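What follows is a structure written as structure tokens; I'll ask about it next.
Going in written order, the chains are labelled A, B, C and D, and every chain counts its residues from 1.
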Amino acid sequence: MTTSATILETHPRKIAEELRTILAQCLDACLDCAQTCTQCADACLSEPTVDTLAACITSNLNCADICTATAHINARQTAFDPEFAKPLLAVCATACRVCADECERHASHHQHCKTCADDCRRCEQACRDLITHLS
Amino acid sequence: MTTSATILETHPRKIAEELRTILAQCLDACLDCAQTCTQCADACLSEPTVDTLAACITSNLNCADICTATAHINARQTAFDPEFAKPLLAVCATACRVCADECERHASHHQHCKTCADDCRRCEQACRDLITHLS
Amino acid sequence: MTTSATILETHPRKIAEELRTILAQCLDACLDCAQTCTQCADACLSEPTVDTLAACITSNLNCADICTATAHINARQTAFDPEFAKPLLAVCATACRVCADECERHASHHQHCKTCADDCRRCEQACRDLITHLS
Amino acid sequence: MTTSATILETHPRKIAEELRTILAQCLDACLDCAQTCTQCADACLSEPTVDTLAACITSNLNCADICTATAHINARQTAFDPEFAKPLLAVCATACRVCADECERHASHHQHCKTCADDCRRCEQACRDLITHLS
């Protein structure tokens, strides 16, 4: 069990067990993805072919920003509103898909882009699973 | 002219003048709103009646997170996609509306909530203006 | 091996193996701590005794902000400067210590404060280990 | 008077007028600098000579991260500790100086680097002014 799940379990607002599990998976996936994207952007900046990676770096930075915001906002259960959370999760899932598509174009040349694409796909799925659960 | 507008003017991608103006207004409004919400959350935490302000603090923190992400993502014009920007702006506008509504309930007692509600309304409008321009 | 370590291994700048290990531990600890603090702040806001937790919430929010910035900045190896990294890590370690001390005061009443204090101590140590390695 | 100053004036903790003025200048400078650095990084990514700008982009991203964290943390007056604020401000001032130095190398070719260097210098000074006031 991750720390995210542990804290959700001890939250004074009782959160249903199934939501807790799916929510913790989404929080963890968002945070992993944010950090991987931050690192992939930096690795791209160090590549000799950085001039071919500008779009990749930009989608990395965008994905990191929205994943971090999504994790923090969904972590806040004090005044949680599923009708706000769902479109936010949908935007996050789109950013993950855009970044995964872009990283995959470079995956055969750069292992960091391959790893990043995988993390983005996982985060996109985790966001979509939470949307389904909240609907 | 703000710094946001100055930098957009000197960006190697030529950005149409009308978009530049509306975009810079949105960036500036998002950043002002993010900081005001961060400060309002803190001022609420120092109020003797903080137990009545938990929802207000939460919507402040959420609004600050999404406004910061929205400003950074929209500032990135290297691989700008209006079809991604519009739903993100819509989510940001919703967060601003939620926070403004919540702050207004406390505006007669707390001047910082009044100021924050005003900034949130301004930011909501700036996001909606940019959505309209991109449509 | 975490994703942080995997990406560091595939970075075009060759990073010495021992630094990679200690750096990845620090990045992971900072990100865990940032998320735990974000969640602890929210759990505190939902407690009936929130009026006694204002300092705890504030140190949670500060610790989350500096841990996120520290993780992102140390992840950037393209122009890494140990002489900048060390005072940043020292500030982060201090924020973790302050937050752990404050959370521990509430640990017997609130399990989330206990979990958060543990994560802050772990992150403080990971920052100090990296400082030692860079010195 | 900026919004930062307005909110500080209405904060339930009475903040001395002179501190309010210097603090608001620092908050505003940090936020301007964070946004300018975010935009300069993006403009650099769109330059045909991006391969010569990797260090500049990295220092832009680092400066944006630490300026945002510094603004948010110093905005929190609920449990403000000058002994924590001072080393944080010193780290922020260093990041601003590093970024200004790097941007200045490209200022004759790129107007966005010139504008960014100016904002970083202003922010460095605002951080140092606040350190002096807190000492």
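By our rule, contacts are C-beta pairs under 8 Å (C-beta built on N, C-alpha and C of every residue); 3 or more make two chains touch, one makes a residue touch a chain.
Everything quoted here is computed from the prediction, not taken from an experiment.
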Checklist entry - Measuring between mean CA coordinates, which chain is farthest from chain B? => result C
Checklist outcome for this item: Of C-D and A-D, the pair joined by more C-beta contact pairs is C-D
Item to check | Centre-of-Cα separation between chain D and chain C, whole angstrom | outcome: 22
Checklist entry - Quick one: chain A and chain D, Cα centre-to-centre, how many Å? => result 27
Next on the checklist: Among all residues of chain B, which ones touch two or more of the remaining chains?
Outcome noted: 42, 45-46, 48, 54, 57-58, 61, 68, 72, 76, 78
Item to check | Touching residues on chain B, where the partner in the complex is chain A | outcome: 54-55, 57-59, 61-62, 65-66, 68-69, 72-73, 76, 78-79, 81, 84, 87-88, 90-91, 94-95, 98
Item to check | Contacting residues of chain D [partner chain B, same complex] | outcome: 3-4, 6-8, 10-13, 27, 31-32, 35-36, 38-40, 42-43, 45-48, 64, 68, 71-72, 75-78, 110-112, 115-116, 119
Item to check | Of chain B, residues touching chain C in the complex | outcome: 41-42, 45-46, 48, 50-51, 54, 57-58, 61
